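Quick heads-up: structures coming right below.
Two complexes follow with chain A in common, the first pairing it with chain B and the second with chain C.
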Partner chain A sequence: MKTIIILCASLLLIYSCNNEVDITNPVVDPSNFLSETTPLPLDSKKVMEGVYNVTEGNNLLGDQVVVKWTRDRLSIFSGKNGGYIILDGGSLDSVLFFLGYWRYATNTETGVVNFYISSGEGGKKILNGDTTATDIVFTGVYGNGKESANKTIKLQYKRPFSQAVRNGNFYILAHRGGGRNSDYLGVSENSIEMINIAERFGSTGIEIDARLSKDGVPFIYHDSDINLRLTQKSLIWGNIEDFTWPQIRSLITLRNGEKIPKLLEVLSFVLHKTELRAVWLDTKDVDVLPAEIELQKAIMDTAMTMGRDLKIAVGIPADDILQAFLNYPGHENILSLCELSIDNVRQANSEIWAPRWTQGTQNSEVQQMHTEGRMAFVWTLDEPSYIEEFINESEFDGILSNYPTIVSYYHYIK
Partner chain B sequence: MSKKSILRLVFLQVFSVSSFTMAQQLNFNENTFFFPHSYQYHQMISSLGLSTAKLPEDVVETDDIIRAPLFSYRLKYGLPENFVAEGGVETNIVTWHISLGPKWNYELNRMGFSIGTDIAYWFGKLTQFGFDTKFTGWMLYPNISAGYQFNNFTISLKSELVFNLAEKSINGTSNVANDLDFFNGWTIGAYLEQPLWKDHFVVIGIRSTYLKFYYPIWAAFSTFDRTYFIPEATFTFIL
Partner chain C sequence: MHLKKILIVFVFMICSALAQVNDTTYSLTTELGLGYSRYFTTMDYSDLNKNGFSGTLRVMWNPEHLLSIGLESGYQYLYSINVKNYDTEFGTTDFSASMYTVPIFIVLAMKVTPNIKLTAGSGMYLLFNAGNMFGDEIKSNQISIGLHTGINYTVPINNSISLGGELLYSYFSKMQDQTVAIQFLFVYDLFRY
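Our next item is the complex of A and B:
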């Protein structure tokens, strides 16, 4: 008995060890320099976008990067370790300044990075909105970890995005609102704070997880239980859907300090505060379906009156949810996304078919969907080599990923 | 977990399990598997084991404690000049790992040492749950062992480096050579071998692995470029 007790205690002790990840986000613009600059006009932003060669400092991001403005930041995407840069910027006289941070998506390496574009190296043309500007040079410095920026990096304009990219309608969808907790982005998955930064990663759409509280309020949260992967220690535990909305809101705090948002709050935020074009509602429980559909209709009606291009698709990930969806009156006219078979897609009249990526590119099935006027998204694709393969060899209309930065890189260099 | 804590665990296990041992003269060279004793030419010893691991929460996204049971069968075969050939098969049904490699063992009084390397081919196949996936790879495990014979049991430590030599996956019609880091990490394990009854030995082991890619959970297609501590517990019968 003594042996068994000591053995069990030993195993419990060794199994209780966690893989803690320590990441310190760099301090960007500590002197608030950018407040002295003028924000760039939209026309200027478009001039800067394109594919750039890295002519100095290619240790950080490789030889080639994509420069793309998102809603509120200038983002730079690369093919090395899913590396990306998020920058805030403005102009002073005819010089453009950018301050921000770099990060590798697949690990936790990060640091500060600063750039400027001098007047003679494209600054003046950018400010004039000159679309013929091809001599743009970003000159900058970057640092690793907590160190100050001291290594040179230089980007030279190479070419604009291809016609196929500019005229296409490809969706870059961010998993769980932008990324998982295990990606250590500083904000929690399935939070409004995460959705607020999703576009900086190149996302044009998001996937979120819908559940229903005991008193009938739809909210977003991935797991069925309250756990330390998603939340801080709280006074309640067990199945989260066994609690009322006031309990969930007041007693649970997400991993990085945020509150669990209502689905209504999330969809309103997406509509009014972002330029996202798609929301994939992953229906986590059959009970949430009717409330989800009502909210979807209300928000999409508002979007239509605003002239806003926004698709909100009700997810059908499992047979029981398909059955409930088919029983819903007028389901044929509800914008839905079905993860099941092509026959199920037709049965539900889903506008989007979404198979798991591990079934391959499935080009003939995707073509069938296109022939029927439907779209096809694939999930949840994180492996960089497969992202490249799917971007170049498949006919999917969108990719759901935890690394929208990597999808963005391979999409925009296409 | 600190190295001090791991050593403490090993000591606790030795101390506790040894109370079951019999006060008789045991032939460790014919009945122990992990203890790196010398082998007679053509001598064979085999073992059947079961191991479980606590998987990284980042990868499996669950706080379940014990996952990924692996069954294993291993065989050691004595060669001339203190050389030993070791082969093994590990499986969780979805994944198979087949290894083979030479070792050179040296015994000094109650102590035993071993140095060697194993090469392994592993493959996995999953055609359910939305998968149409095959994954194959080659791995290299240079390793060293040291052990000590007490009166009624042996205790052995084994450490190995883990290298990814090549890997490839097929999903549907998509066929991609994956790009895992060449150096995958390292492991260290402690193994207590003692008789269960008469000269039938069992092994209780704890292994700490520090790896970026843990092959039994290949289907998670983890892309995290960081090393994870994955503890394993093993229970093995010497056949």
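Our next item is the complex of A and C:
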């Protein structure tokens, strides 16, 4: 009897292990309708931003949402399951049309969603850039999975973002360039393609992982080894830093088909192609530090000549990296982010202190940092209830999260 | 999926062995397997050579139960590739890469007939990568968890030597790839007690 029970329990254990995830990506704008519309002017976009009541479609989004334009998309963030909507839009006559998809950040549910704003429900005022428009109504439909959009959804303008939010300088930082592979975002973590969509999730900054190839080229990649969590099958395996840059670039393909980018490519992309305000360089190996600092200086100098507000902070996550940083000539003047103690922050003269979220809100320590003219970021905060708590009760200047959409929601409704 | 099948065989063998007792003396045997291995992968390279040498060396302790236990090491060729004029964004280069593995396994074996044994093992594969690209050597190694299962048939030649063959299926979790090897088997009784 005992043997049979052991056998059954073992079989149950074996068959309970299933890591295969089937996520159905919705097809957005199959008839290319948006190509017939006119892109919205910048002034119009700002008019639409604010907090909205969900008057229909609460099953999908809850009771209220945040509407926020990012670089090239209209994003809607909700408090339900970290739900968000990414929309592309344009106008036809004085009606605004938006097509896109919705997704829950904390699971894999997704679907298509379409909206319009009629001329009389704010469309005309938006196009005129009328900042007094408070009667904006998004009317639309959404579907689940592959089904067509057939359920009604309606958003009614409630209020603009608070003065504190508008005047604040809060950083919403996306982990691994925008999100992890395990969240099935369709692009790979730590890739140019991921960074290109990071702002759609509400990110105003990114965290990326820097390593050095055998021949001295800094590149971004999280793990120390080549593995199937991050890459497709390749002919080379082992410690990724054992390979030269041409070998890495030519022989390894990231999980969703992208190539591993050089740190220079990433920073240039951030500078020239995005509106991101911060890059947190997570120094994965002490050897990459000098090259990382050189690139940081070069890109920040270019940013300054362009009048671009961009902070690139060299990460100091461990004692050996702190020691190497302190040995670097002129380290006092290098913009750095220290994850260690407050004393280490002072020792390195880091502009940013970044403690782990599990240490709590640490308001008195954060205030000390502010008094010394430093900022404080907290990492890596993913649980919605804690995100809400840190947004409302802590004095941190930024939150690093795998779910920037959730941070965005709680920040903008503040 | 393969992992599940191997684990099921493993659990079945353990449970069966616990339930049965056989009156034989204890012995320590060494088993040498030499043969051919075929690598199965979803990697899409037309020039990939997936055929190579396979060798295993086991030391097995055989108690009075049907189940015996032991340690295994060896060598298994996985793949090699040689490409002339390989186009990359850095220019054209000749490119070669190869991979072989050395297992360090705990192995269980169960006699199902006097001549046929089922085997299953688990442990780690030391993976060794070598090659060349743009004149730079490719050299790295890595550890992968792995499993194998097999069936062997041996015939005693005298009191201490048996000869036979073995079919061995191996799974490498790091690469999620497999090999199937067919080996000539030489079994020698080191001592009995």
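In the analysis below, the second predicted complex is superposed on the first by the 396 of 414 C-alpha atoms of A that agree within 3 Å, B and C clash if a C-alpha of one lies under 4 Å from a C-alpha of the other, contacts with A are read in each partner's own complex, and residues count from 1 in each chain.
Heads up, the rule we're going with is that contacts are C-beta pairs under 8 Å (C-beta built on N, C-alpha and C of every residue); 3 or more make two chains touch, one makes a residue touch a chain.
This is a predicted model, so every value here is computed, not measured.
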Partner chain(s) touched by A:F243 [first = chain B, second = chain C, both, neither]: second
First (chain B), second (chain C), both or neither touched by A:T302: neither
Partner touching more residues of chain A, whether chain B or chain C: B
Which of chain B and chain C A:R229 touches, first, second, both or neither: first
Partner chain(s) touched by A:L251 [first = chain B, second = chain C, both, neither]: second
Which superposed partner A:D215 touches (first chain B, second chain C, both, neither): second
Which of chain B and chain C A:P384 touches, first, second, both or neither: first
Common ground on chain A, meaning residues reached by chain C in one complex and by chain B in the other: 3, 6-7, 10-11, 14-15, 17, 227-228
Complex interface listing, chain A residues touching chain C: 3, 6-7, 10-11, 14-15, 17, 214-215, 225-228, 233-239, 242-244, 246-247, 249-251
Contacting residues of chain B [partner chain A, same complex]: 1, 5-6, 9, 12-13, 15-17, 19-20, 54, 56-59, 61-63, 65-66, 126, 130-133, 171-174, 176-179, 204, 206, 208, 221, 223-226, 228-229, 231, 233
Chain C residues touching chain A - in the complex, by the definition given at the top: 4, 7-8, 11-12, 15, 18-19, 41-43, 45, 79, 81, 86, 88-90, 93, 97, 99, 127, 129, 131, 133-134, 136, 138-142, 174-177
Chain B partner contacts - residues on chain A that touch it in the complex: 2-3, 6-7, 10-11, 13-15, 17-19, 21, 81-82, 104, 106-108, 180, 182, 223, 227-229, 339, 355-362, 382-386, 389-390, 393, 402-403
